[in-house]
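In the two assemblies presented below, subunit A is common to both, partnered first by subunit B and then by subunit C.
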Partner chain A sequence: MTAIAEFFRELRSKYGINLTILYDPFDIDRFLLGMWVTVELFLISAIVSVAIGLVGAGLLSLPNRFGQGLVRSYVAFFRNTPPLVQMYFFYFGLGALVPPGTNALGMPVERVSNFTWALVSLSLYAGAFNIEIFRSGVEAIHKSIREAATVLGYSKLSAFIYVMVPLAWRISLPALCNNMIELLKTTTLAYAIGVPELLYASNQIWSDSLNTFEMMNVLMVVYLALVGIVAWVMYRWERALRLPGFGAA
Partner chain B sequence: MSGQKLRNTIGALLLGALAIGSMSSATQAADCNKDTLCRMMVGGKLKAGVVVDYKPWGYRGQGGEYLGLEPDMARDVAKTLGVEVEFVPVNSANRMEFLAQGQIDLMIATMTDNLKRREVIGIVHPNYYSSGYNIILPKTAKPPNWDAMKGQKICAIQGSWYNRPAQEKFGLDYLAFPGIAEVEAALLQGRCIGWLFDDNLINVMFADPSGKWSTFHMPLPSQDDAPWGLAVRKDDLDKAWGRFMSGMLYHWHRSGQLLAWEKDHGVAESPFLRQSHEKLKDHLQ
Partner chain C sequence: MTGKYGPHVGIDIAHPAEQSVWAQYRGLLAIFAIFPAVLGFVLVLAVLAGADFGLMNALWKWTPFIFNGFLYNVAMSLFAIGFGTIGGIFLGMGQVAPSRLVTIPSRVATQIFRNAPWLVLLFYCIFLVPYQVTIGGTTYQVPNWLRASIGFTIPVMANFSEIVRGAVQSIPTGQWEAARSLGYKWSRTMLSIILPQCIKRMIPPWMNLYAILLMATPLASIVGVEEAMTNTRTALQAEANSRLLLPMYAYLLAWFFFYCYPIARLSMYLESRFETR
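And now, the complex of A and B:
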């Protein structure tokens, strides 16, 4: 570890390439923390947004007008506003309505942290897109399949859960993959409300070390790698779920 | 043409006009042989460069008059010399050039004293003020020392130079935003217990007549304090003019005049001024 640090210190003194995140323990810590917060934000909001998507698409396919209207207005609201504005709205707008608690010293503490607000915002944002993705998946299945399921004795609901959803899921995966990549990239917006994710950490580092050029490049490479991992996992999943004779060969 | 450029051009034109106007007195001052103090005494005028955007250290009143702690200092210099004071507004980008080129003879412009600057201009000692970083806290919070702030949620501005030293030394837990407005909102909404900021600007906030910050205070000593220096031209530093200004500074500290001005302008007492005064005050009284 010290040899690596030594190498990058030398890289700085000899060539002026200042990668503090590879030799300065303080910067290493905050960069790794930033990476972890980004991954955490992404994973939790991905799971929640998929759940929102499934429930929303389910409601849309039920013959309940109230439920449909509710889901449609939710989608309209979150798809038609910029995610950064939503982030500010949740944190400074809605968040202000939550009265702060007090800690042991009698000082105010926020009841809902900025991390939680970022999660809420990201999940609702990505969830709106997921609803549309799953809806398109459900609608892509020929109605004869639903009819066949009903003939075999499935109720409407169980046909939806056991027949439609597994098929729709397969159709939706490529679009879902796109949205998950978009979600990962959108996590950078959380820096606006002070969540110490990767961009925030990098911003702090380049402000202190004046190595903006190096950190910008590092950020590009790290996001490229993170998105690469997500895309690869989604691709593998798509392949594993492939049904012979259904969708692409 | 940007506003800044336009201002600079107008400034240059005005200064040109001034230079022509003062030619007659230049012949008179020729006997002084480059001695700035002598030239000022003969010409009866002190040209002082001050900032106009750092209330209450230097700002303009409604009628355009120069107000603040630093113009007060310059006025006192002129009064002591028995000359008139002429203010020239400067900013951090042009203040050293204005001085070196002779458009002003004295610069009191919220400038931090450092070695790089001492190579260009003559910074007169003792220093007259200082700034560092500190935490603005609600009055209900009375931490005994900085160590008590460990792990506390503190608002900060992303990219401030003091974020890192304060975190390394005292283990603060930051909630950092890109701009001042977000930090203010977060602090007033109780998202964090305090705000890590430039201590002078915190004092400026306290001086805000709206009283927005009246329930806040700054109970801890400022950290990484860097002193401010007023300046004369480099070749004046060890001549009569530089030595005279050194004497003025000494007198202001000794008499407590700087503390009095600070109080007049509604700024909370700076520990730097208090310490300087304690060190230099009359030991017989």
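And now, the complex of A and C:
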């Protein structure tokens, strides 16, 4: 560990490449914490957004016009407005309506943290896209499959749960993978409301250590690596679920 | 529609009588039906936030200011889509070029700039593009919005490169072979045979990309461009009324919605039209 730190200290003194996150323990901690917050933001909002997508797509497939209208306007609204403005709307707009609580010293504190508002905003944003993805997944199943399930004695509901959903899930996975990558990239917006995620942590580091150029490159590499991991995991999942004779070879 | 051969055999041919003008343009008209709905949404939010006519007046008073900012959003998006499309065509052609010396760098550049967060690329450009340039002895200041536009151009270029690659690869290889047997060079085949056919396929995703780009332009407020988002925050600070926060942000969301939703609908409409042919 000290050898690595020594090497990067030397890199700085000899060549002026100042990678503080590899030798300064304070910066290492800040950077790792930022990375952890980004991962946390991504994982929680990914799970919530998939849940929103499943519920929304389910509502769209029911013959209830009110439910359909509600889901459609939700999707239209969140897909056609800037995610950054949505985040400000939630944090500053709705956040102002939540009455502040008090801490042990009697000082006012926010009852809902900016991290939570970022989660809410990211989940709703990605969820709107997931609804469209799952809906087109259900629609892509040939109707003969549903007919076959009916012939085999499945009720409408059980055909949906045991036949349609597993197939629709497989069809949706590639598009879901793209959306999850988008979501990971969108977590950077939490920077704007002061959530100490990766970009925010890096910004603090380059403000203190004046190594903007190095940190920008590190940031780029780390984000590309994170995107690569998500893409790889989704790809493996897609492969594992593949049915012989179904979908593209 | 039970014909001579029993119900619904063969290809469905749209009946001219069934396809009334209304049915053809219903999709387009729906675009405009949503506007009053959104306006209603803003009003309901305003009322929920305890709005009175004072708050309404405040929204009205700041409208020209927000509009001024919004023009910057539009300007940045037009700059980025213009240069991004030109760059993307070349990068996309590079991805399908016959020489590996060209394809590999094009693919690497596309993947890097497509998968990096927009905000990170924006920071890159804000820090790396010089504040002023000297051309022929005269020094020009590079305004902030122009530097941000360059930051938006890069991801647009990479995304459009993928659209071009997808469209080119969707053209049957028989066309390449036919052109080759007629003695066309690669570049001639690409420019006069393949790309013209791709245009129709590229228009819907290109419009989607433009909508995504416009929705990314508020990011420029983080790096100090005085666009709609910045101006809204300035207005809120000037008013210093916490009850105005929710209606004001909802109002700003509506601005973007009014601009982006018709584009999204139009691209869906064009996509479904092109698909049936």
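Basically, the second predicted complex is superposed on the first by the 249 of 249 C-alpha atoms of A that agree within 3 Å, B and C clash if a C-alpha of one lies under 4 Å from a C-alpha of the other, contacts with A are read in each partner's own complex, and residues count from 1 in each chain.
Just so we're on the same page, a residue touches a chain if its C-beta (ideal position, glycine included) is under 8 Å from a C-beta of that chain, and two chains touch if they have at least 3 such contacts.
No experiment lies behind these values; they were computed from the predicted model shown.
Engineer: Looking at the overlay on subunit A, is there a clash between subunit B and subunit C, or do the two fit?
Structural biologist: These partners fit in the superposed model.
Engineer: What is the contact status of A:Ala192 with respect to subunit B (first) and subunit C (second): first, second, both, or neither?
Structural biologist: After superposition on chain A, A:Ala192 lies in contact with both partners, subunit B and subunit C.
Engineer: Could you look at A:Thr81 and tell me whether it touches subunit B, subunit C, both or neither (first, second, both, neither)?
Structural biologist: After superposing on A, A:Thr81 lies in contact with subunit C but is clear of subunit B.
Engineer: Check whether subunit B or subunit C contacts more residues of subunit A in the superposed model.
Structural biologist: Of subunit B and subunit C, the partner in contact with more residues of subunit A is C.
Engineer: Could you look at A:Phe42 and tell me whether it touches subunit B, subunit C, both or neither (first, second, both, neither)?
Structural biologist: neither
Engineer: Using the superposition on chain A described above, determine whether A:Asp208 touches subunit B (first), subunit C (second), both, or neither.
Structural biologist: Touch status of A:Asp208: first partner only.
Engineer: Looking at A:Phe26, would you say it contacts subunit B, subunit C, both, or neither? Reply first, second, both or neither.
Structural biologist: Only subunit B is touched by A:Phe26; subunit C is not.
Engineer: Does subunit B (first) or subunit C (second) touch A:Tyr223, or do both, or does neither?
Structural biologist: A:Tyr223 contacts subunit C only, not subunit B.
Engineer: Between the C-alpha centres of subunit B and subunit C, what angle is subtended at subunit A's, in steps of 10°?
Structural biologist: Reported to the nearest 10, the angle reads 80 degrees.
Engineer: Quick one: classify A:Ser73 as touching subunit B (first), subunit C (second), both or neither.
Structural biologist: second
Engineer: In the overlaid three-chain picture, which partner chain does A:Asn114 touch, first (subunit B) or second (subunit C), both, or neither?
Structural biologist: A:Asn114 contacts subunit B only, not subunit C.
Engineer: State whether A:Pro100 touches subunit B only (first), subunit C only (second), both chains, or neither.
Structural biologist: first
Engineer: With the superposition applied, I'd like the minimum CA-CA separation between subunit B and subunit C in Å.
Structural biologist: 6
Engineer: Go through subunit A and flag every residue that touches subunit B in one model and subunit C in the other.
Structural biologist: 92, 96, 191-192
Engineer: Subunit C touches which residues of subunit A in the complex?
Structural biologist: Contacts found on subunit A: 73, 76-77, 79-86, 88-89, 92-94, 96-97, 181, 185-189, 191-192, 199, 212-213, 216, 219-220, 223-224, 227-228.
Engineer: Can you name the residues of subunit C that touch subunit A in the complex?
Structural biologist: Those in contact with subunit A are residues 34, 37-38, 41, 49, 112, 115-120, 123-124, 127-128, 211, 214-219, 221-222, 229, 236, 242, 245-246, 248-250, 252-253, 256-257, 260-261, 264.
Engineer: Once bound in the complex, which stretches of subunit B touch subunit A?
Structural biologist: Interface residues on subunit B, with respect to subunit A: 138, 140-141, 152-153, 158-161, 163-164, 168, 174-178, 182, 185-186, 189-193.
Engineer: Which residues, counting only subunit A, touch subunit B once they are in their complex?
Structural biologist: 26, 92, 95-96, 99-100, 103, 105-110, 114, 191-194, 196, 200, 203-204, 207-208
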